[in-house]
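Notes for the one structure printed next.
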Amino acid sequence: MNVSAPLKASDFKSDLKPVWCPGCGDYHVLLSLTKALADLERKPEEVAVISGIGCSSRIPAYLKCYGFHGVHGRSLPLGTGLKVARPDMTVIVAGGDGDGFSIGGNHFLHACRRNIDLTYIVMDNRVYGMTKGQPSPTTEPDWDSALSPGGTGLNPFHPLVIALASGANFVARAFSGDIRGTTKLISDAVNHPGFSFIQILSPCVTFRPEQKEWKSAIHAPPVEATDDPARAARRIMTDDGFNVGVLYRGDRRPYKIGDGVEHKTVADLEQEFQI
Amino acid sequence: MSANPDNEISSLSELLTHAYAIEEDAIDRYHMLGDQMEVHNNHELAKLFRDLAGHEEKHAAEIKARAETIGLMNLKSSEYKWPDTEGPELAALDEAHYRMTPWHALQMALKAETRAFEFFDHIVNTVTDPEIKKWAEEFREEEAEHVTLVERLLEKNPEPPAGWADDDDPPNLQE
Amino acid sequence: MNVSAPLKASDFKSDLKPVWCPGCGDYHVLLSLTKALADLERKPEEVAVISGIGCSSRIPAYLKCYGFHGVHGRSLPLGTGLKVARPDMTVIVAGGDGDGFSIGGNHFLHACRRNIDLTYIVMDNRVYGMTKGQPSPTTEPDWDSALSPGGTGLNPFHPLVIALASGANFVARAFSGDIRGTTKLISDAVNHPGFSFIQILSPCVTFRPEQKEWKSAIHAPPVEATDDPARAARRIMTDDGFNVGVLYRGDRRPYKIGDGVEHKTVADLEQEFQI
Amino acid sequence: MSANPDNEISSLSELLTHAYAIEEDAIDRYHMLGDQMEVHNNHELAKLFRDLAGHEEKHAAEIKARAETIGLMNLKSSEYKWPDTEGPELAALDEAHYRMTPWHALQMALKAETRAFEFFDHIVNTVTDPEIKKWAEEFREEEAEHVTLVERLLEKNPEPPAGWADDDDPPNLQE
């Protein structure tokens, strides 16, 4: 018997019962994430999952590892700070499209630009679920609901291309229901140096029940992942939004923690104050 | 997204590892569904999912006992040789609903057990090693028994009439 | 004599003396903007120039038209609100790279996404000039200065591609010293429907004197502007950063002011409150 | 970025419109530079730029008087037929410096007047209409006089020694 040695996915699940709606794609993401952590052979004390506010941002509570359920839109600064302070830890930042692309949009841009070695997972259901169905930055312009009669008329934007244009070093799209694929993408993202971004299409069965159909729309990308961000951007801007896999794997210089920090003696410091 | 249909199971240990993983995943999922039903005050369903999980736990213990001498392998998710994108016996979480009835839960279980049966059936029909084939036949037989069990339960839990999901205060009400 | 009828560029200049450093590129932008307004045959009372904080954001004070010198990074929400309230006005939002891409980054994303009919001009000198030379989101990673010894090590990002990925409908790059070209680009941007974005390379002679060399680096784009955002994004991500002209001219649906607003009678409203 | 060297001036009104625009732009720029020097307490230079502007203002008034019967055209920026990217008589604003000396200002003026001379010279040498040619010759002569005037001023304002821009408390000090 050698089953005792490595941790299993279930070892990363806390005893808290999720309050997500039954059928929610986020349950799949929770499973994929625990499987990825087991595959990565991390110990719970080596991992921190940081989130903001929203349904998907509850995920740290359901995991057995370090976690921080932060304030709205500010998960990336928290994750960045933690990674800089504790570069030995595996830092995963997770949340939804409202949290990450709306109030958190600027942190998203600049976290990509800084290219710190962490993984950002956005569970994108194109709606604010927790607050009862407001349109988000990825909502279709004609999505009609009581809170957006006739649709907002606003174009959704391309988070994956924004990530590329801002400097992310690994860009992938996943579908929550594809647990095996998502597990692999999370593992690959964590292993890739620098800032990794995964947009996980994760249906909201309550406010967007039509998203159950995503299951039959997804497909593998027609080509291998590129290391050319310009090509990746062009491909993503012309794809159908449902190709699932690694779309860009770059070699952009990650932020080297400790860069620019000189370790000085008291004598060095005194010299700086000489006139 | 990736399927490895030609990736043949090549040892008894690997077969047992897959059989055990099927049970473990099923246990995790049935408990996840049980948790969901408890949170949403659907206690009848919660009990049903706990019972299904208990059933799989017994089965898992049997496999572990059988693996005592042969040993189980430590596989990463991507190293399993599932014919489809998922482990075959997984209940489809996306079909869960907070007002689901026993009939729905049993439909999910039936689908999962049938897929598990088909997984071992595929091995029986394709594997060359006679010993692996023999053990796969045993697992297939057990899954067939599970299918029968669920079918019997379904006789006692018929499909609910339309409107089973109706809710006077639905969670998706936007006001 | 028929010189009296149309307004001249100088009619759009206020009597306030700019406090910019002599040699600053922003003087050129001021000239180009006044020339463009004359070319567009606007009257001062039909135009509003809205800014944030920074050297370049002082520009409304130097113009004779409506102006608002807002708070840091918030020029685009101001401009958006004004345009929605007064769609008859020509709204030009102006500022620098620090104001627009750093603290204002999220407004930039979402203003592009909303695609309201206004023109956003960023005078990009890759430095915070007003506060004495901090690196900005477009500063080169190895720019060495007393405030960033050895450089920040952070990658600059691609504002033009971020604009494209977010939904801007007109994207151009200009060089401040090319007054004729910049004047034309501003006119074209104002005339194009939806959100127009012009990144004007505008040297900071005080903190980045090496930027005087931009004058000899700029050149026309090798090809005509495209109406395909994916192609435009790929081109911009692979160009040398010095091709000056229109880079994208789209036909994305601009936000239609009044969309979703139903003009209801009291009886209609009463009906909504019936149980 | 666009240059229209082959775009010939085709009427007296168009020639006068260009001549007038050259003066107007020069006036705006010299006043802009004068403002800059006042703001930066370089009063000697401020006065010099105001004088240069005054000179151009006189010249502009003369052109306007000449245009009394012929009339000036209302051209958009892009409709002018400059040989280069800019109007020819524009002082290069990017060469300004808060500690610049009269020599620097006169160098800027010299360059601008020379470019204006070259603009009319080009018309004299390429235009076919004899009357436009004659008027262009007159403008060329005036610009030649301006060049001579600036050169004479330069004799009285020689190049400053190196270190003219030195500042004990420079604006670019980062602390």
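Letters A, B, C and D mark the chains in the order given here, with residues in each chain numbered from 1 onward.
By our rule, contacts are C-beta pairs under 8 Å (C-beta built on N, C-alpha and C of every residue); 3 or more make two chains touch, one makes a residue touch a chain.
Source: prediction; values computed, not measured.
Mean C-alpha position of chain B lies 85 Å from that of chain D. Centroid to centroid, with C-alpha atoms defining each point, chain B and chain C lie 58 Å apart. Chain A and chain B have CA centres that are 29 Å apart.
Chain D has no residue in contact with two or more other chains.
Shared contact sites, meaning residues of chain C that touch two or more other chains, are absent. In terms of inter-chain touching, the protein chains here are arranged end to end in an open line. If you check each pair of chains against the touch rule, the ones that pass are A-B, A-C, C-D. Remark: chain C residues 102-106, 109-110, 112-115, 137, 141, 148-158, 161-162, 164-167, 229-231, 233-235, 237-238, 252-253, 255-256, 259-260, 262 touch chain A in the complex. Of all the residues in chain C, the ones that touch chain D in their complex are 1-3, 5-6, 8-10, 13, 17-23, 25, 27-28, 31, 35-36, 38-39, 132-133, 145-147, 177-181, 183-184, 187, 203, 205-207, 212, 215, 218-220, 244-245. Chain D makes touch with chain C in their complex at residues 1-2, 24, 28, 32-33, 35-40, 64, 67-68, 71-72, 74, 76-78, 82, 85-86, 90, 93-98, 100, 171-175.
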